[in-house]
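Pasting a structure below so you can have a look.
Labels for the chains are A, B and C, by order of writing; each one numbers its residues from 1.
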Amino acid sequence: MALIFDVLSNLLRKRATVLYPEERRKEPGTFRGVLGFDRNLCVGCGLCWRVCPASAIEASKDERGARPFFRLEKCIYCYLCVEVCPRKAIKASTQRAPVVDDKSRLKVS
Amino acid sequence: MISKLVQVFVYPGILYMVALAFFLEWLDRKLVAKLQNRVGPHYAGPYGLLQPLADFIKLLTKESIVPSGADGLLFTLCPVMAFIVVTTAVSFVPMTSTQGLLSTEGDAVAVLALITIYLLLVYTAGASSPSRYSLVGAVRAAHMLLGFELPLMLSCLGVIASAGSFKLSEIAAQGVWRVFGLHALGFAIFLIAAEAELDRLPFDIPEAEQEIVSGWLVEYSSWRLALLRLTKDMELLLFSGLATTLFLGGPAGPAPPSAENLLYPLYFLAKTAFVVFLLSLIRASSARIRLDQFVILCWRYLVPASFAYLALTVWVV
Amino acid sequence: MGVYLPVGPQHPIHPEATLIKLKVEGEYVVDADIDASFVHRGIEKALERKTYVQGLFLAERICGICNAAHTICYSINIEGLAGIEAPKRAQWLRLIVEELARVSSHLLWLGLLAHSIGFESLFMLAFRDREVVLDLMEEITGGRVTTGYNVIGGVRRDIDTATAQKMKSSLAQLKERVLKYKRLLEEDPIVRARTVGVGYLSTSEARELLAVGPVARASAVSYDVRVDDPYLVHEEVPFNPVVYDTCDAWGRAMVRVDEILESIGMVTYALDKAPSGEIRARVPPVFKPPPGENVARVEAPRGELLHYVRSDGTEKPYRYKVRTPTLANLAAAIAMLRSQGDKVVHIADVPVIFGSIDPCICCTARVLVVDEKGSVKETFLENLPAGRRGR
């Protein structure tokens, strides 16, 4: 009963709910989001797939040599690979992972 | 003949009552949400008005399960009878004019008796389910009966004494507002007893979600649960309608005689909405009280207060 | 005599799957037992398969709410084992994030206590205020819950002056709200009726059953790892350990609310006084610490958290053991749930009692090996070399 005045004053305040997806909340811009990858900078050293805790990076090859292959559905966004890459080929971003029902859309090329 | 059927089933009959019950449930949910800084029903219909109807229809499409240990006949009969009993009680309440759909000499007492029958049906519904949780909930509901029945009856009797009539239509025709002075005590007692009867916070002990997972309702599903929930909404309509008739002057209000048919339902709606606002305010600002503490609260504070109220109204009037 | 009433494993009051077996006579609980094995995930086994740097991110996910405590404990543990020294500023920043996580955890607990007594409005308001803290965490560390902030050797991101200003003003506003909740707990008649005298745990019982954290501190047992065995820079930041002597659920609620106020004070102090400098000592992603053991203790929001590591010289640990505070409090919870003499426990009290120990069952579920052959080796904290304890 002691909360009655707080509760009544809530009638005058704006709602705390954010009606997603029409509205979005204001983000501080420091979120650890989806990885980006620049193929031209990668030299195939293999540090990223050795260091990933969630085994989300696989070693693979393409016509230019060894390169990593990212599985975003396993990634835990710890950014160990971003830190360890000697050429800074793996890029950070603040974008959140998309909600998809097709795993092949969760590739980073 | 046709007009009688339309009156009974459509307006101001069962369909109108069901629509009003859904509207009051929507109002209650929206008010509690706004008081908690949330939104409440939003997507079903404009401002979420169709949400209670959507919930009702959703429940009708679910699988109907009767547990194997349940007393089959009682399990099905209790929701149906509860709905019939509460709808009959609501039909006595004058909603569209000073005359209810049903009206007879002494119908205020009939309404109170029907409320008690509903509570006995709650106990039977819980006891006929084989789950332990529902038995605990049913026993709690019966326990609570011991607490709030007396203050409820006595506060109504006080109003009846001051109005001088046992007939709800006559009380409504008087159009007297009984919220000031002495009658404020009666109004407060009636509101608290109504919260207890309706199984709402702070007295939703028989259905405590955190302790016994919906209590006496736990084994019901599909159309039986839909009917039980509709019965709860009708009860909300019943109690706020009773409060309006007894304490807020019923559907009467300033209106030229030609516009009575239009304005009286609107006055009733406005006053009922105000009572629902008060009930929602109590609900949004309280925690749940324990059963033994509830019985102590009733017998230590509410019963003496209601006896005092009755005595004073009889003496003053 | 008595009917067996199971509360769980799926029940609206449990955030995780827990089975509380109650023996009930009418509304009174006669006997109780707790089964907390439903959330066992094999974390200790998984930690033996990961390198030390990878294991940090697994340790972070032992529990979502106590994740700051787990990562700090793990980092201190491995730094002590391998002889790595984290820079001074890193220790101050770790303290800031640890205390901020404590505020967030206690606000969540306040909401859950309100939910267990049916007080939906306080639940909504407490979680609304917790959003402020979570937004601050996101701004500092990059994640709201799994922060990924501590690493072996230091922390990953720095706090600049603009962020520090913002933190101080947000926390000052939060402090006003928390003072309001404290007044509510002290004055609201229904909240007092549901928590005062409920879940009684006497001081001698708390000592015997080895309760830790706010459960012990509400029974007048003054045990706080930040005072008795300081880690990070807790010796340099002034604070008062909060002790109440009411021995009931109300006391525990007041201990936690007062701890929120203390933590806000500590964060504000640390933001001003943190020295500038490096925030991270460089550690190779795969390293081999010398063989040996180490133990680290940390005051998690729920009590004393203990990590033990034994390495055999390879890059993966030989054995890693986590003992969470909820495991220590479970015995106290069972004692609180039983009616004895004139201490009567109602069914309606069970969610309040179980919630007042702040159960985090997902942290707790471990395999317990009982050694029947009698060849148990004991190691005492004093015998570990002091330089290896990790500071």
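Definition applied: a contact is a pair of C-beta atoms (placed from the backbone, for glycine too) under 8 Å apart; a residue touches a chain by one contact, two chains touch by 3 or more.
Keep in mind it's a predicted model, so treat the numbers as computed, not measured.
When every chain is represented by the mean of its C-alpha atoms, the one lying closest to the mean of all protein C-alpha atoms is C. Across the assembly, the mean Cα position most removed from that of chain C is the one of B. If each chain is reduced to the centroid of its CA atoms, chain A and chain B end up 51 Å from each other. Rounded to whole angstrom, the centroid-to-centroid distance between chain B and chain C, based on C-alpha atoms, equals 45 Å.
Taking each chain's centre as the average of its CA atoms, chain A and chain C sit 27 Å apart.
Along chain A, residues 1, 3, 7, 16 each make contact with two or more other chains.
Listed for chain B are residues 35-38, 284-286, each touching two or more other chains. Residue positions 121-122, 125, 128, 188, 190 of chain C are each in touch with at least two other chains.
Those residues of chain B that touch chain A in the shared complex are 34-39, 42, 281, 284-286. Residue ranges of chain C in contact with chain A, taken from their complex: 50, 53-58, 61, 121-122, 125, 128, 131, 135, 138-143, 146, 148, 156-157, 180, 183-184, 187-190, 285-286.
Residues 1-3, 6-7, 16, 27-28, 30-32, 47, 50-54, 76-80, 83-84 of chain A are the ones that touch chain C when the two sit in their complex.
Per the touch definition, chain B reaches chain C in the complex via residues 35-38, 132-133, 136, 139-140, 201-202, 204-205, 208-213, 284-293. Those residues of chain C lying in contact with chain B across their complex are 3, 5, 11-13, 24, 26-27, 114-122, 124-125, 128, 188, 190-191, 193-194, 346-351.
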